[in-house]
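In the two complexes below, chain A is the common chain; its partner is chain B in one and chain C in the other.
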Partner chain A sequence: MDATAAASPSAYAAPAPRESFWRRNRHYLLLAPGVIWMTLFLIAPLAMMVYVSFWTQTTFAISPTLTTRSWEMFLSSQTYLDALLRTLRLWLTVLALTFVIGYPTALFIGQFVRNKTTQTVLLVACVIPFWTSFLIRVIAWRPMLGREGAINIVLMRLGLIDEPIAVLLFTELSVIIGMVQIYVVFMVGPVAFMLSRIDESLIEASRDLGASAWTIFRRVIFPLSLPGVVVGAIFVSVMVLGEFATASALSGRQVNLLGNIIVTQVGSLRWALAAVVGVVLTGVMVVVIAALLSLVNLRREL
Partner chain B sequence: MMELTGLTRRFDGVPAVSDVTLTVRDDEYLTLLGPSGAGKSTLLRLIAGLERPDSGSIRLNGEDITHRPTHTRGLGFVQQSYALFPHISVFDNVAFGLRNRLVDPVTDETGVKRRVDAMLELVGLSDLGQRMPGQLSGGQKQRVSLARTLVTEPKICLLDEPLGALDANLRERMTVELRRIREALGVTFMHVTGNEAEALAMGDRMIVLDRGRAVMIDAPDTVYARPATVAVAKFLNAYNVLDGKAEIGGFRHGDVLLPLPEGAARAAHYAVRYDLASIEPAGGAPAPGRAAMPAAFIAREFLGSRVVYFLHRPDGGVFEVERHLSRSDPVDHPKDAALTVTWAVDDVLAFDASGRLIETRRLKGAA
Partner chain C sequence: MHHLKVTRGALAVYTALFILFLYGPFVVMGILSFQKGPEGGPQFPILEWSTFWYSHIFGFAPPSRIAPLPIGQALTRSLTLAFATMVVSTILGTLTAQAFRTKFRGSGVVFYLVVLGMMVPGVLLGLGMALVADQLGVARNWWSTAFVLHVVYTFPFAFLVMLAIFNRFDQSVEEAAWALGVPPGRTFRKVTFPMIFPGVLSAMLFAFTLSYDEFPRTLFTGGPNVTMPLAIYGTFAVEIHPNLFAFGVLTTLFSFALLTVYGVLMGASVRRARLRAQGVQEDIA
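Here is the complex of A and B:
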C-alpha cells in the first residue's frame, strides 16, 4: 500500500502516456447498431429506389439499363401530376384541420388542466382510437358516412335534410374526415407537451405587466408552444404524405394519392415508375420537413 | 397610498393570510419579514391580484381594487423566479409591458426604445439588450426582471424574495442597487424576505408576519430593539428567549431565579439580546442591577468583526453571547468550562403568557 502511494505522485508527474486511438474513440461504437441497421434498411433501399427509377421497364420485365423514360412518363402524364397536386392539397387541408382542431384541445389539456394526472389521462384518452387496428378505424367510417350511413339517417330522422348527403363518402371530403380523425392526436400530443411546460409564473408576469388574455396567448403562450406545433406538423405531414390506405378505403378509388399510385404500380410489377413516384414523394417530404424546421430553432427551444 | 383592511385568504380552510390590516405609504421601502409558510408570498399575490381574498379589501389611492383583474391594477410584481420570457431578447422582455398592456400601451416604437434604454441603463444592463434571457447570469436576470416591471411605472412594486436566488456577494451588491434604483424612481417597494438581516437593513419600515398575521409593523430599529411579540423576538435571531414563570422575587426558569425588571410581574418569556449579555468566570456574585445564570461553554464562532459564543443553559438549551471585536478581544474557553452569563436587568424584555411585550418602566421611558 505504502509503496504504491509513494510511487503514484511520480507516475502522475511524468507526461501521461497518450491514450491509444482505440481508447479515445471507442464510445463511437455505441452508434454501430443504429448505423448498421439504418444503412442496411434505410440508406441502401433509398439509394436503390433512386437507382431503380432509372431502370428500363417493359410490360412484364425490368432491366438495369439506365434510361429516363419512367421520369418522362411521370412528368408528362396529367394523371400523375394531378395525383401530386391532390396529395399536396389534401396534405395542406389535413394539416390545417389537425391544427385548428388539435391546438385548442392541446391548449385545454396543457394550460387549463393543472393536475398532471388528469393531463396524462386526457392524453391517453386521445390515443384510445389506436387500440383498434388502422384498417378497422378506416373502414368503420363507411357505415358512418355512407348514403344509408348513420350520419345521413340521423339527419333525415331529425328532418334537417330530405335527401341523403352524397358527398360524405367516396369523395375527397371523406378522405379528409378520416385522416383528420386518425392524425389529429399527433398534433395534440407535442403541442400539449410544450404547453404544459410553460412556467405558470410567465403567464402571471404577463398579466402583471398589463397584458390581456388574448395578448398573453399571442405574445407568450403561442410562441412558446411553436416547437410543439412544428413537431406535430412534421408527424402529421410525414404520415399524410405517405398515406394510401385511408384514401383507398374511403374514396372508392376515386381519390388517387401518390401513395396509391405506388401501390398500383407495384401491384402491376412496374417497379421503375413506382420508384419514380417514391423518389418524388421523398423529395416532397424533405422539402416539407426542412420548411417546417426553418420556422423554429428546435435545438434552442427544446 | 395603499390600504389593506382585514385581508384574509384561506387554502382548504387553513388561513394563509388572516386579517391583515396595514397602510403602505408613498415613496417608502417596506420589507415584509416572516418565516417560510408565514403567508408572505400569498400576501403579495393577493395585492397583485394573482389570488382572490376570501374577505377584506385593498384600496389603492382611495380606489377599491380588491376585485380588479391583475392587468388593470397598475402594480408591479417581480417574481422570485424572475419569470423572464425565454423566447424574446432582454430588450423585448423589458419592452413587453409598454407594448402589450391593455391600458395605455405605448405604440410609438421610438418612445418604447427611449424608455427601455433609460431603464436598462438605470439597472446597469445597457450592453445586454440584444441577449436572450438564457445567456444571462442570475444577477443579470434579476435586474432584467426588475427593469421589466419598473419601466411600466407601477404605483407600487412588489418584490418576492428578490435576492433569494443570488449568492452572498451579489446579494450585498443588489441590496445597495435596489435602494438606489428605488430612490431614483421614487416608487414604493414592498420587499418580501425570509432573511432578518435583509429586512432590517433595507426597509424604511418593516412588517413581521407570523402564521398569516401581521404581528408588527414598525421601523427596523424599533422592531429590533422592542419586538412586539415573543415570536418576533425569536424570528429576529438576536434574542435568547427563556421560558418560565414570574414568581415573587423574580422569574423562575428551571432551577434558576432571575431578577425581573420593574412592572413585569406577568412575564412568561424572558428575552436577552445576544449582544447585551456577557460572559464572566463562574461563582462570582452579579454586580448590582445585573442578572446572572450559570452556563457551560460549547463553542465559539468567528464572524469577522464579531464573535458568537455558544453556551449550555442549565435546562439544556443554548444561550448565545455576541461580542464585537472592536470592544473586546475574543476569549478562548475549554469545552464544557463552567462560566456565568450576565446581563443588565434593564435590558431584559419580558413577554406575557399570550406572547405580547410587557411595557416595563424603562421601555416606557425610552418611548
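Here is the complex of A and C:
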C-alpha cells in the first residue's frame, strides 16, 4: 500500500526516458507564442504607462526625468477628482441598471423558456444589435432622445406630456440610457447561460419539499445564477469604466469621464498627465475586478 | 402553479419590452436613413422620403456641401485588419488552449495573463502602446501597433472558446488514433480538427467582429490611415448627417450576411458529422 502510494507520484515526476524533449515540454512550446505576445503587447504597454506617469511633461513633449508633478496636478485638481467621482457614480448606476433590467429577461430566457430553439432565437435577437457598429449604435440614440426625438414625439402624441422633455439628451441621463442599452446584453447573456444550466430536478425537489416559488428563486435559482451575474458584472464594469465615446457623443462633451480626459490629454500631447489618469483608471479596474473575482472562480465555471 | 403561469406571462411581456428597448434606436435610425437629402437633418420630422443618403454613400448623389463618408479605403483597412486579427488570435487561442489540456505549473498565472487582455480597457492599452511606440521611435500604423492590440483583445476570447471546447472533448478518440499508429499531424487533421471545428469557427467569428468594430484600441495607435470606426468617429466631431444612419443600416445588413454564412458553415459541419457517424454505424452493421 505504502509502496504504491510512494511510487505513483514519482512516476509522474520523472517521465520515462524514451519520452522525447518535445513531448515533455510540449505545453511550454504551445504556450510560448501567446505568453510572449501578451508580455510584449499587454504587460509592456501597461508598465510603460505607469513609468511615463512619473515623467516630466513639457509643453509638447515628455522627458524621462522622474517627477511626481503630474500626480500632484491630478490630485490637486477639482476637475480631475470630479471626473473620477463621476466615472465611479456612472459605473455603479449603469451596473445596477443592467442587473435590474437584464435579470428578468435572463430569467425568462434561462428558466421559463424550456425549448432550446426558442432560447437560442431569443438570445440571438438580443445579440443582433451588436452587428451594427458600436459608434453608430451610440449615435442612433440622438434622434431617439432629442427635444424633437422619437420618445418625445410618441409621448406628446399619447398626450402624456405637453412639453418635450429636455433632459433626455446632452445630460448624464442620456449617457446612462445609452450605456445601459449598449451593455445590458453582456449581463443577460452570462446570467441566462447559468440559469439554463440549472438542473431541473433541483427545482422539482424543492417544490416537492413544499418551497414556494419565491423561496425557490431566493434559495436555489438566484444563488446558482450568481456566477453569471459576476461574469456579466465584470464585462459591464470593464467596458463602462473605460468608456469615453458614449459620454462625448450623447452628452455633447458635458459629461467628462476619466476616459474622456485621457483622450483630451493625448490630443494635446500631454502624455504624462494622460498616463496618470490611465494609472488611476487601472487602479480602479483592478480593485473592481479583484472584488468581483473573489466572489466566483472564473476558471471553474467554464 | 397558477402563480407560476402569471409570472411567466409577466416575464414574457417584460422580455418583449426589453427587446423593443434594444431595437428602438435601430428602428428610428432605419426610418431616418430615408430622410430627404441633402437638406434633411438626422432628426424628425421626415421632410420627404428618399434614398438620397444611400446614393450619397456610394458617391452617386449630386455634389452638395456634405462631404461623403470617407469609407472606401477605411473599409478595406478594417476588413484586412479584422481578417489578420482573426487568423492570428485563433491560432494563438488554439495553441494556448491545447497547452491547457495537460496540467502544468503556473497555469493560473498564464490563464489570467491571457484573460487580462480582454479586461484592460482599450483606451488604456492604446495609450500604453502609443507611449511605447513613441519611445522606440516606431511609427504608429493600423497594420502594426493597432494590429497587435487587436490580437491582445481578441486572443483571450478565442482562448476561452477553445478551452471550453477542449473541456468537452473526448481525449480517448485521439488516443485511439495514436494507438492505431496514425501520425500526430494526420490525427490532428483527421480527428482533432473536425471535432474542434465548430469552436474554431466561433473563435474566428468572435475575433473578426470584435476587431472589425474595435475603436478605443485603434484611436491612439491607428496612425494616419483611419479604419472604419475611426472614420465614423471623425464625423462626430463635425455635424452628423443621415448618411451615417444609411451606413448603419447597410453595415447591419452586411453583418447579417456574415452571420448567415457562419450559420450555413456551422449547419454544414454538423450535418457532415452526422452523416459520417451514420456511415460509421453502417460500416459496423
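Operating definition for what follows: the second predicted complex is superposed on the first by the 271 of 302 C-alpha atoms of A that agree within 3 Å, B and C clash if a C-alpha of one lies under 4 Å from a C-alpha of the other, contacts with A are read in each partner's own complex, and residues count from 1 in each chain.
Keep this in mind: contacts are C-beta pairs under 8 Å (C-beta built on N, C-alpha and C of every residue); 3 or more make two chains touch, one makes a residue touch a chain.
Treat the numbers as computed from the prediction; the structure is a model and nothing was measured.
Superposition of the two complexes onto chain A shows chain B and chain C fitting side by side, with no clash. Contacts of A:Ser206 after superposition on the shared chain: chain B is touched, whereas chain C is not.
By the document's definition of touching, of the two partners only chain C reaches A:Ile109; chain B does not. Contacts of A:Ile136 after superposition on the shared chain: chain C is touched, whereas chain B is not. When the two complexes are overlaid on their common chain A, residue A:Leu295 makes contact with neither chain B nor chain C. Taking chain B and chain C in turn and counting the residues of chain A each one touches, the greater count comes from C. In the superposition on chain A, A:Val154 makes contact with neither chain B nor chain C. Once the two complexes are laid over each other on the shared chain, residue contacts for A:Leu81 go to neither chain B nor chain C. By the touch criterion defined above, A:Thr215 reaches chain B but does not reach chain C.
Of all Cα pairs spanning chain B and chain C in the superposition, the closest are 6 Å apart. In the superposition on chain A, no chain A position is in contact with chain B in one complex as well as with chain C in the other.
Residue ranges of chain A in contact with chain C, taken from their complex: 26-28, 30-31, 33-35, 37-49, 52, 101-102, 104-105, 107-109, 112, 122, 125-126, 128-137, 139-144, 146, 148-150, 153, 181, 184-185, 213, 234, 238-239, 241-242, 244-245, 248-249, 259, 262-263, 266, 271, 274-275, 278, 281-282, 285, 289, 298-299, 302. The touching residues of chain B, when paired with chain A in their complex, are 48-50, 69-72, 74-77, 79, 81, 83, 85-88, 96-97, 100-103, 105, 148-149, 152.
Contacts from chain C toward chain A in the complex involve residues 3-4, 7-8, 11-12, 14-15, 18-19, 21-26, 28-29, 32, 42-45, 91-93, 95-96, 98-100, 102, 104, 108, 110-111, 113-125, 127-132, 134-135, 148-149, 151-152, 155, 159-160, 163-164, 167, 209, 213, 215-216, 219-220, 228-229, 232-233, 236, 240, 244-245, 247-248, 251-252, 255-256, 258-259. In the complex of the two chains, the chain A residues touching chain B come out as 199, 201-202, 204-212, 215, 219-220, 223-224, 301.
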